[in-house]
Every structure is written in C-alpha cells, then in structure tokens.
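Both complexes shown next keep chain A, but they swap its partner, so chain B is in the first and chain C is in the second.
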Partner chain A sequence: MRAAAFDYHAPSSLDEAVGLLAEHGDDARVLAGGQSLVPAMNSRLARPGHVIDINRIAHAERPHVSAGRLRIPPLMRHVDFDTLAVDGPLGPLMRDVTRHISHLPIRLRGTFCGSVANADPASEWCLATTVLGAEMIARSARRGVRNVLAKAFYESIMTTALADDEMLVEVQIPLLSPFVRYGFHKIARRSGDYGLALCLVVYERDEDEMVKVRVGLGGVEAVPRRLGAVEELLERRQPSRRLFREAADLAAEIADPLVTADGDEAYQRDLTRAVVTRALDRSLEG
Partner chain B sequence: MKHVGRSHPRLGDTPFLTGKAGFVGDIALVDQLHMRVVRSPIAFGRLRGIDAAAAFAVPGLVAVWTAEDVAALPPVGFRLAAAPTLEPYCQPVLAVDVVRYVGEPVAVVFATTATAAEDAAELVALDIDLLAPVLTLTGSSRGFEGETRPAEAATVRKAFGDLAGAMARADRVVEVSVGLDRDGAVPGETRGVVARWDGGRDVIEIWGDARLAPANRDALATMLGRPLAGVEINAVAVGGDFGMRGELYPEDVLVAYAARTLERPVRWIEDRREHLIAADQARAMAATAKAAVAADGRLLALDVEFAIDQGAYLRPTGTMVADLTAAMLPGPYRLEAFRAVGRVRMTNRTPAGAYRGAGRVEATFVRERLMDAVAAATGSPPLEVRRRSFLTPEEMPADRHMTTLGVPMTIDSGRYQSLIDQLTKRFSLELVHRRAIDRRAHGELAGVGTAVFVETSAAGKYEHVTLSVDPSGNLELVTTASELGQGLSTLLAQIVADIVGADPERIRVTHGASTRLGDGVGTFLARSSVMAGTAAQYAAELMRDKILAGAEALLEVPRERLTIHSGRIREADRHFGTALELADLARKMLPGGPLAGADGRGLVTEGWVEGEGMTFPYGVAVAVAEIDAMTGLVRVPRVFIGYDVGNAINPALVESQIATGAVQGLSSALFTSLDVSPAGEPLRVGLTDYLIPSATESPSVDVLITEDAPSLTNPLGMKGAGTAGVTGIGAAVAAAIDEALQVPGFTTHLPVRPVAIRNLLRKRSGKSERG
Partner chain C sequence: MSRNIRITMEVNGEDRTIVVEARTTLADALREGCHLTGTKTGCEDGVCGACTVLVDGEPIRSCLMFAVQAHGRAVRTVESLSDGITLHPLQVAFHEHHAVGCGYCTPGLLMLTLGALERSPEIDEDEIQRVVAANSCRCTDAHAVVKAVRAAQTAMRAGRE
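Up next is the complex of A and B:
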C-alpha cells in the first residue's frame, strides 16, 4: 500500500501548473485534497509518473460572486461550504449537501473541484453541479480557457470532458432566486459512505405551484442526470404526497441503473423511488 | 477494601492513551530488511513457473524466495485437534506447484525499504494455468480438478440417545436450512512480525502477537530445527486479536527463517488489502437442522447436518470450529437424543480459522433459528417454546454425553429461565415488545428477537503463573495468558490484591514473554480469566502464607493476629501503627537469607492449574430491528444482553467485553462479509468495501451481568466472558427482522441483504395491489 515512484511538482501558480500538465500529459495528475487520488495511488490503481500538487497556488481557496454566479476556485474545501458561502438559498443548499460528504477529516482536505474532476457517480458535488446548471472552466497551456456545461462535462464513470493537459480552474454556479425551495436526500449503508443513491430537487414556488422544477439523480446511473420527464410531471403542479409518489415511481421507471455487487436492477429502481420521494418530501420541510 | 467484584479501572491503559505503547510496527531494528509477500492472484491453478528476474533490477532488493528456497521448512502444522489424515490439508509456507486461493503466498522478496520490497514484488511474474475454482459449499462436494486430497477434510460426528425413536415419537418434526456468510475479525491493526537472529546467543528473537507464545515458540522451533531455547517470542501491544491473530501463519515462519538465513533483522507488516484477502476468515457454513417436538411442545431431539467452508487449507486450530459447532448445538435445552454431522469442506477461498465466538456463533444461529421455527410451527411464543425445554437448575450439572476438543462435556451450572426473567424485568422488555407491536400497527416494520445461548470457556489443559515480591514491595505476576486489550492484567491484579493484601496498582502483570514463561497455553476460548485467574489465586494464597510466616518469625506475633492491607502488615487488634512494610519483609526474606522460607526462595510462589474442565456460561440476547420498507435497510437501535459469568471479578470489564462483542456480532449480521467474484477474487479489499459499522450504526447495548450460577470447576466460580457479546446477536437480529416483516423463518442467512428484504416486500405489495 505504498505508491509507485513518481516525480513531485509543487507549482506556485496556475500558469505553472497548466505548463506542467502540458509537458507531462496523461502521465501527470493534479493533486488537490488527495482524498481520492492518494488512496488510488497507494493501492497502485493509479500510478502517475508526475504528481502536480496545486496546494501551494495562492488565492485558490476563497470563492467569490460575480455576474450572478458563485465562482468556486480549485482549493475550496468541502468544509468551506459549512459556513454559508453565498447569500440566498444557494448557501444553505451547499451547506446541507456538503454535510453529507464523508467525515470531517476528509471534508477538511477534499476539494469541491477535486470531486468534480474525479466524477464519481455518487459524488454530492457532481450531482449538485448537474442540477444547478454549473459551468466548468477548463484551462490548458496551449488552448487557453473553455467553459463546459455540467451536462456535457460528466461523460461516464470517473470520466470527464477534461483533456489530459487541462486543469479545472473554476466552477461557476448560477445563484438561486429567493423563492427557491430545495430538498436533498442520500441513502447510504453507513453515515459517511458514498451514497447508494442521491437526489437533489430544486424548484421555485409560484403561488401554490412548483415551477422551474429540477430533479437530479446520483449514484444510481453512471453519471448524475436530471430526470426531464419527472421535472415535466411536477412543473406547474401543487406539491402533494400523492404527486411526489407518482414522480418517484416515474423516476424509478426511467432510471437506467448500474448493477453493483450490492444491488440488482430492481433494487436500484427501489432506491431511486425512495431517494426521490424523500428529497421531494424534504423540499417541503423548513 | 475488597477488589474482586469492583469495576476497578483498567490498569496499564496510560501507555495507550498517551501513545507510548509499542506495537509491532513501532519496532525498527538496525540493518533490517522488509519482507513483501507475492500472493496468488488466481483462486485455483497450476503453478508453472516464477520469473523473478525483473525484480532484481529494483535498487535495494536483497533476495527473492520461492518454494524451492524454503524446501527445508515443513508446512504449518496443528496446535489443536490434529490427526494424520489431516496432514495433506496443511499449508506450505510458500505454494508448491498449485495455488489454491487468491492471496496465497507464492514467493517473498526482501529489500532494504518497504517500498522497494513492494516494487520488486510486483515484478515477480507468475505463470499459472487456470483450473476451475470451487468457491461455495454446494460446489465443494463436486471435488477439485487434479487434487488428490478429498474435498471433505474431516467429518465431525457427535450423538447421544435414540434419535430414530425420538423422531418416531415426535408429534411433529420442524426443519430449517440456514447459513452464514464468510466474515473475519478485521481488527484495527493488521498482522505483523519482526524477527532478528542474535548470533551471539544463537537465538531467533521474535516480536509480535503473543496470544499463543508458548505453542508458537514450540512450533517454530520444531519447524526451524532448533532447540526451544533457540526461539524467543516477545509480546508487543496488539490492536485487536479476536482469535484471528496469534495463530502461526506462513508469514511468521518466513520472517523467522529469513532472519536466521539472511542474518539480518526482517520485518513484515501486513497492509489492509492483504489482511482482507489473506488473514484467517471465519463463519461460512450451511446447515440443515431438524427438531423433534413432542405434543406438549417440548423438544425431544435435534438432528443437524452442517458443512463448514474451510477454504484452501486447515489452520493450526485444525477442525476445532466444526467440533465446537457440533458440541454447542444442544445449547441450553434438554434433549433425549441428538445427532450432529459436521463436514469440513475445502474450497478455493482463504483458509478459515477461529474468530471470537468460534463454533458458538454458528451453533447458536442454527439452533435458535430452529427454535423460532418450532415456535412458528406450534403457534407458541418463542420464549415459551424455549422455556419448556430448558435444562433446569435441578438437572445441573448436566452430562451432555459427548466430548468436545477431547474433554467430556458436563454443563456445570445454569439458571436459564431465571436469566430471561431478570433481563425482562431489568430493562422492561415487555414494554419494548409492546412498543414494536404498536409500531407495526402503525404500518412500521419493527420487531424484537431473542436468542438464548450457552457459551464455553476454559478449555486447555494447564496454566502456570509465578508471583514475586521485589525488595521495594512491588509484586510481579508472570503469566502465559496474554493481555490483548481485554483487561486480563487488571483482573489478575484484583484477584492477587485481595488475597495478598496489596494495592492492584503495585502489581505488575507480565504476559506473553516466552523466555520467562513456565508452562502455559495462552489465550483462547475465553479461558484466560478462568485458568490464569485460578493459577493466580493459588500463587497468591501461597504468597500470603509465606508473608505471614515471615512476619510471624520477625515480629514474634502469631500469624492469626496479623493482617495485610495495602502492603502493610499490622496486628489485627491494633488500629494504629504498621508493624511491618511488605518491602521491609521482602528485603529480609531475600533468597538464601535466614528468613527465606521453607523452600529458600524468598517471596516467590507459583500457581498451577490443570485441566479442571470446561465451564458453560450462558446468556440471552435481545435485539430490536427496524426496517426501512422503501430500501430494505435494517437498523438495530437497541440490544439487550443478559449473561451469567459465575463471578464477575470486574463487572465493567465483563460489560465492555459484551458490548464490543455485540457490535462485532451486529456487523456480521448486517454489514460485513468477505465476498468473492465468480472467479474467486475478493470483492472486499478495503475498508470502503468492507463496511464495519461506525458509532452511528452501532446499537446501544444494555447489559445485565448475573452471578447466579458460579462454576463448580474453579474455586472462585468464574466463567469466561470474552466471546459472550458476539454469540447471540446474529440469531436475535434474524428473529427481530422476521418479526418486523411478520414472516417467520424469512432470515435464513447472515448478513441480511437489503436486496432480499426488498424482493420480499415488492412481491408482497404486488400481491396486495392485485388482491
């Protein structure tokens, strides 16, 4: 359980970091919080020849808001969302979600951008970025900066649209209207485990009706996904238990589950129904 | 003040709390080499060749060994239950010609750093022809391609009474088929061993788990062809043993042999992945059990066939688990006839050994599931079914008409119904039951389950301790039994303190050092407190005599008028003034001196106990289960355990043994299993896949300790407690789940899989929708 030999680089600027990525390409890996990369290296499932530790890059911890977006830099840790990162409903939403990620020691080190780049199907942040319509800012030394929408960013299990020489330098999340309600739920075997299933629901209240409904499912499929048909079913309807059950049944029906050691397809559909029901129920609380 | 019976704080915890305790991983010797094991990635195959050439390119590599290099070493033998027919099932220290499980040691590399060793080990290429692996008990009757050893290594048979007659007279016969999946102890600290050959003394010094130091020293000396004095095992602090650690493994032999052969210290620290694929596993078994029930609901007979998934080799415990499983099947019940047939089946899985509660967990699960089935079949409450068939106190001691581990089984004492009654009253279990009924009425899936179990402890032929007082008045007790965190040192100090009249803090307990040990066996089967405790009692009584004799001579006061308290000898009728300090007396009684005592040894005594038979403590486990209907996930918020320990020397220690055991039992019932793929590759290779419950998932455990049935086998009436917590939980949780689902007999296997619960509920809701 000791990593294979690698060259260690500790750039002090983004320029330097993307320069190193350009030089070493697919033989290099960015080291952010190390909570996924280091275990993978220790078990020798990952054996990069070059590790580019970005932790010495200045001014990469604190988020800021501009042009109606929360802009999250590469060294913002999970725990940094524990205090409200932004005004309006987005702050509490991010706080509620981050508290489900693993345990405190891991939240102290693990980064938001690292989770996004790692693209675990059950990652809280991969689901949240998908539902919230985030944009990922990728940068390479040769081609400069490009924006990728969350929808296009997650390609398959642990695979993103980032090229080998690209670094994720920022994630931008549009702020939420003050009328937004949300509900998040995670089903896990133990507290702190990656979820078996996750659901994030976000909508606005217009009088008694739900509008701009977004329902995202994580953990069940290869990548987190918004469930369009479920959103349509809920759009411009009044919330009710009965409607939520109907929506959850539909979600269970249209999900395209992965089959795992712990659950066959039917079970994954059951989990989907449960997690969607509970996230919807939760949206009415508080 | 009396110390026995008090929850004296544990002695010797400070080093653990302050980070001073030395574990095997803390040992670093000058010039040491690191060993890394090259393990088979294949579950079953013919080993065609090993090419280590590439490994030699790694800087720091010193040696690569394969089976040829260790041809002088015999396979790892038996500590218990040996028989010549079992020899073909012993594991060679490195695989010869055939690999039989994923994780089997095939080669070892030695290098100057651990990383170099790991790098080099990766480069050792194995050429293996695949054979079809046998991975399940059902598969194992089919046999193995090309193997000459039969697939069934041994068959354990135990019986008494007229089974056919009882079956014929029965009003009904109830049958269940149940089983347990593979699990393991998986302690916080993985295995490890360090060895050095001291050329000046020609001694191989070993540091590691010393639970079985004397037996392992003897076995190693024999394997390495040395005198017993040429091998020393030194105890280090251990982060969890549970029966998995401490037994001799191929790695232990390799490290010791390499230290001698390479003439450099050698160190091996197992990593977590290795641990989960190569350390002893346990529990996997399947059973078909029949109960003959009389018209009045009493049990007449049990007839059980079971098979144990032994894995690829037999371990030093031989067929112990099968033997104990068979013997413990009758449990607390009166039977006219009994038959158990236990098959020890080989598979291409990691070898199975002993794990906390070995044999008792398995037997309890089978029997108590059967008792619940009897309750369902006869329409009687589960506790009523049990009450009808308990052996009564009047029937004690009860001869079980069979032997286990070569010892005749006589249940020494037990008041089973009384324990259930006390537990029910103490924790208002009626209310707990009523609450579950109420919750079910509101549509929740909640239930309560109960299991009754009989434990066994103190098997093992003898135990020896030495007690001495040094010239400063400190006492030292040297024992072969080992402190593995269970609190044995505290318990022994309490026993000695009361008898000698010393403070427990002044008594140092030295354990597990094979150089200083007399004859002892070590720690297993919850035997230490009983065996070493009794030996300590004897040594302390002799010590008290010696002290009083010395004081009598010195003070010229008859010993009847002397008392010893906190290391001070006083005249009993005087309230003030110390007549003599123990330290002063010890100095005057130095060996060879005028007061050295009849044996001339001064304040040194010995205690010796010999095969005083087994004790049979017993308990009741009650679990509450709640099921999330939508996900099939089970939560066990509360567990209640009643346990009769005969004499609770230190109630807090007994309670902590029980509570921790309960969590381990819950883990195997709901969370952990060591599954493999269809090709035999382990699927749980890290602690993110092997789901040990955390504090959040652990139940609150309420414990009632009683002392209603002291053992007749030892003067203090003690019974062991090391495994009590784990034994009944699985069966109790299974029963609670059945009740929550209102489907008697649903839970036939542990761990309970949420998928299985959902399959049931889905079928049920489908029916109700249609109907």
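Up next is the complex of A and C:
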C-alpha cells in the first residue's frame, strides 16, 4: 500500500518547524528518521495531511554536555551513540543500549528523539530515559518551552505528554557518577526485532554494597517503568546470585503485563524473570 | 507546498530530475520514475531490506524514505555496480561463494554490504554477520553471504592498494 496524499514541508529551522505545527495541529506529523512514521503511513495507520520533515534543519545532530547533563538534539541518530557521546559511564551505557536497536540501515536513519516521541512500549530509548531520569524539552510556537520528566512523559502505548503543536526539541539526561555499574538485557525473537522484554539496571557501588539502585522494565507493560519494590529489595545489599534471583522473582510477581495477542500472562512473567536476572548478572561483568 | 514536487537527485552519478508526489517512496521513484528496476521491494515496511540503496553513501531502506527527501542527495543503486561487462568485486564474490539463490534479495544485500564496507572497510566477521542480518533472504545460506563479503573485502582492499 502507499501513504495517503499529504503536503510536504521541509523547514530549515526549529522556529519554522514549530510554526508549521502550530498552523496544522493534529493534522501534521513531524518526520524525523521515518523508521516508525513511514511504515505507519504506508499502511495508513497514520494519515497526516501535513508532513514536517525536520531533516534539513542544521545543527540538530550533535549532542553536548552542559550543567551536568547530556543534551540530545532531534537529529541525533541511533548510530551516533556508537561513538561515546560523553565521558563517564553514560557514554558506554548508551553505546551498549543502541547496539540492540534494529540493524544498520534503521540505525543510520532512526533518531533518539523520534523513538522517545513514538513511545513504543518496547523501545530501548524509552526505557533508558525512564531509568536515567531524563527530562524532555517540548516546544510550541504559542507557549514556548516546557520540561517534562520521563515519568510523566510516557502516558500509555504510543502516547506521550506532547501536545499536537509541540515538538520534542531536546532530551536531557543527567550524567552518571564514575562509581556507577549498569546492566542491560533484551529478549527478542530474532536479532534486530523489537524486544519482548527489556531490562536496564543502574546502581552505584559503595564498598561492597549496591546503592541508588534503579531497575527498569520495558516491553512487558504499556509503558516502561521503574520497579520500586525491586529497587528497595536490592538497596544497600551485596550483589549475589541468590539476591538477584529473589529480585527477579519479585519483578515477575509485580509486573502488570500488557495483554497481547500472542503472549499469555504466565509467559510474560517468565520473560520478566529472565530479563531482570540477566540484566542484573550483566551489571557484574566487565 | 504542493503535492506534486519536482526533485533533482544524483542517481548513479547522473543528475535526474523527476516529478513525484510527496507520498512517493524513493523505492518507487527509482523503479518507476527512473526506470531502474534493480532495486526490489518486498515488505515495504522496513523489515526485509530488499529495497536497500545508498543515499550519500549510507545504506538505507528506500521504502522508508520519501523521494522528496532525496532531493539534492546522491543515490546509488545496484545498477551502478557494473557496466554489464566487468562485475564489482562484491558481485564476483557473491557468484563464487554461491551467495545467490533466486536473486530477489541480492540487490539489497549488495548495496547493504557495499555501504557497510565503505563506512568501515576493516569490519570483522562478527560485525559483517550483524550487518548481513539486517536483510532477509529466503533461499541462500547466510554463511555463504558472510563468506562472500569477507572475500570481497579482501579484493577491495587489494584494489585500493
């Protein structure tokens, strides 16, 4: 099938882009990498009357660091995280996560901000922004700029706090302490597919204990979420296989799986147990 | 802006000016607008990779890019690889290593692996395997494709020296 007809706009600045969004509102869509929007348009799940292609906006590709945050612009692609975006553990963490997103041709086009705006429950970046406490910077022509915390940003499946006339102009991620350890794991049917379950674990080592523990689960529920009870169980404890097993069991118990056509609930809980165990195990490697 | 748009892109080294609808994909523009039918489409959903071409040197899914987005850019398709007499080292290697079955996926695989080798000429076997996994083939053994790309990598290196 082919996309429904639309008017094409190629703004050369962010001002112009948000101006077009203000003008066309819910009949317009931002086109970033197109790796989610174009399939949706080709199958007519999406039929915007106006497409605002942001790929010709200059200086929207490179990240920078300021005030203790990594600031990610709208045209930074998945593949750009292959080279370390920042010093400290955040750079390698982002590199390890991005390698799980699909394959080279998709990674060359797809953008970080596009993934965040798209809010797929199984998106790597939606999980990472949730666990890392990112802030999303939304901008509209009429109301200017506002910041939304990841926790409030993902509202439900493919639905975010962005209004129809708002563009995601930046995502800010707080830098990580040098004592941070992390583990990421994804379970997918085939390499390069969206994950069935994903888990990202981040904590600091204080002597032998884990502190400031963060455990996020993606792909299983409607939106990625930090599992508070699991974090409490691990806080100020020494890592061990046995403790990790206990934490994974708890995660499986408290997860609230999406009911999908091809997965039954028990299977989703098994996936949760497995993915949390492996992410925790990974945090001890390297 | 209008729904019918005149675009100019460099296709296999030549400037081509065509009129497309905004919704026309690059894959359709190449096949129907430029009459270059080497580029195939399968899923038109970004999954299979049959439509892979190079845009400014990067291997991308041409079913997921609108043709208007290629305005002012350089596109390379499988037709650029050979003049019909001498084959490109990748084509030679695919032939020698039996990496072609029905051939439907081959143009996509050739452009994918060419793009990957041009970006990183020294990628190792693991990385080649990861690259090749991006595209689906329903006939051949993926190991044959990986072997062919390894052989082509050596031939291309020798060609550069």
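Note that the second predicted complex is superposed on the first by the 286 of 286 C-alpha atoms of A that agree within 3 Å, B and C clash if a C-alpha of one lies under 4 Å from a C-alpha of the other, contacts with A are read in each partner's own complex, and residues count from 1 in each chain.
The rule is simple: contacts are C-beta pairs under 8 Å (C-beta built on N, C-alpha and C of every residue); 3 or more make two chains touch, one makes a residue touch a chain.
No experiment lies behind these values; they were computed from the predicted model shown.
Chemist: According to the stated criteria, A:106 is in contact with first (chain B), second (chain C), both, or neither; which is it?
Modeler: Touch partner of A:106: chain C, not chain B.
Chemist: In the overlay, answer first, second, both or neither for which of chain B and chain C A:267 touches.
Modeler: The first partner, chain B, only.
Chemist: Now for A:34: first (chain B), second (chain C), both, or neither, which partner does it touch?
Modeler: Second partner only, chain C.
Chemist: With the two structures laid over each other on chain A, which partner does A:53 touch: chain B (first), chain C (second), both, or neither?
Modeler: Touch status of A:53: second partner only.
Chemist: After superposition on the shared chain, which partner residues are touched by A:277: those of chain B (first), chain C (second), both, or neither?
Modeler: The first partner, chain B, only.
Chemist: Looking at the overlay, what does A:187 touch: chain B (first), chain C (second), both, or neither?
Modeler: In the superposed model, A:187 contacts chain B only, not chain C.
Chemist: Once the shared chain is lined up, is A:43 touching chain B (first), chain C (second), both, or neither of them?
Modeler: both
Chemist: Can A:8 be said to touch chain B (first), chain C (second), both, or neither?
Modeler: In the superposition, A:8 touches chain C alone.
Chemist: Which chain A residues come up in both lists, the one for chain B and the one for chain C?
Modeler: Residues common to the chain A contacts of chain C and of chain B are 1-2, 4-5, 39, 43, 191-192, listed in rising order.
Chemist: Using the touch definition from the top, list the residues of chain B that touch chain A in their complex.
Modeler: 114-115, 118-119, 122, 271-273, 628, 630-633, 671, 675, 683, 686, 688, 691, 693-694, 696-697, 753-755, 758-759, 762
Chemist: What residues on chain A touch chain B, complex-wise?
Modeler: Result: residues 1-2, 4-5, 39, 43-44, 187, 189-194, 196, 261-264, 266-267, 270-271, 273-274, 277 of chain A touch chain B.
Chemist: Which positions of chain C touch chain A when the two form their complex?
Modeler: Residue list for chain C touching chain A: 1-3, 5, 21-25, 28, 44-46, 49, 52, 58-61, 63-66, 68-69, 112, 115-116, 130-131, 133-134.
Chemist: Of all residues in chain A, which touch chain C in the complex?
Modeler: Residues in contact with chain C: 1-10, 31, 34-35, 38-39, 41-43, 51, 53, 55, 102-106, 108-109, 191-192.
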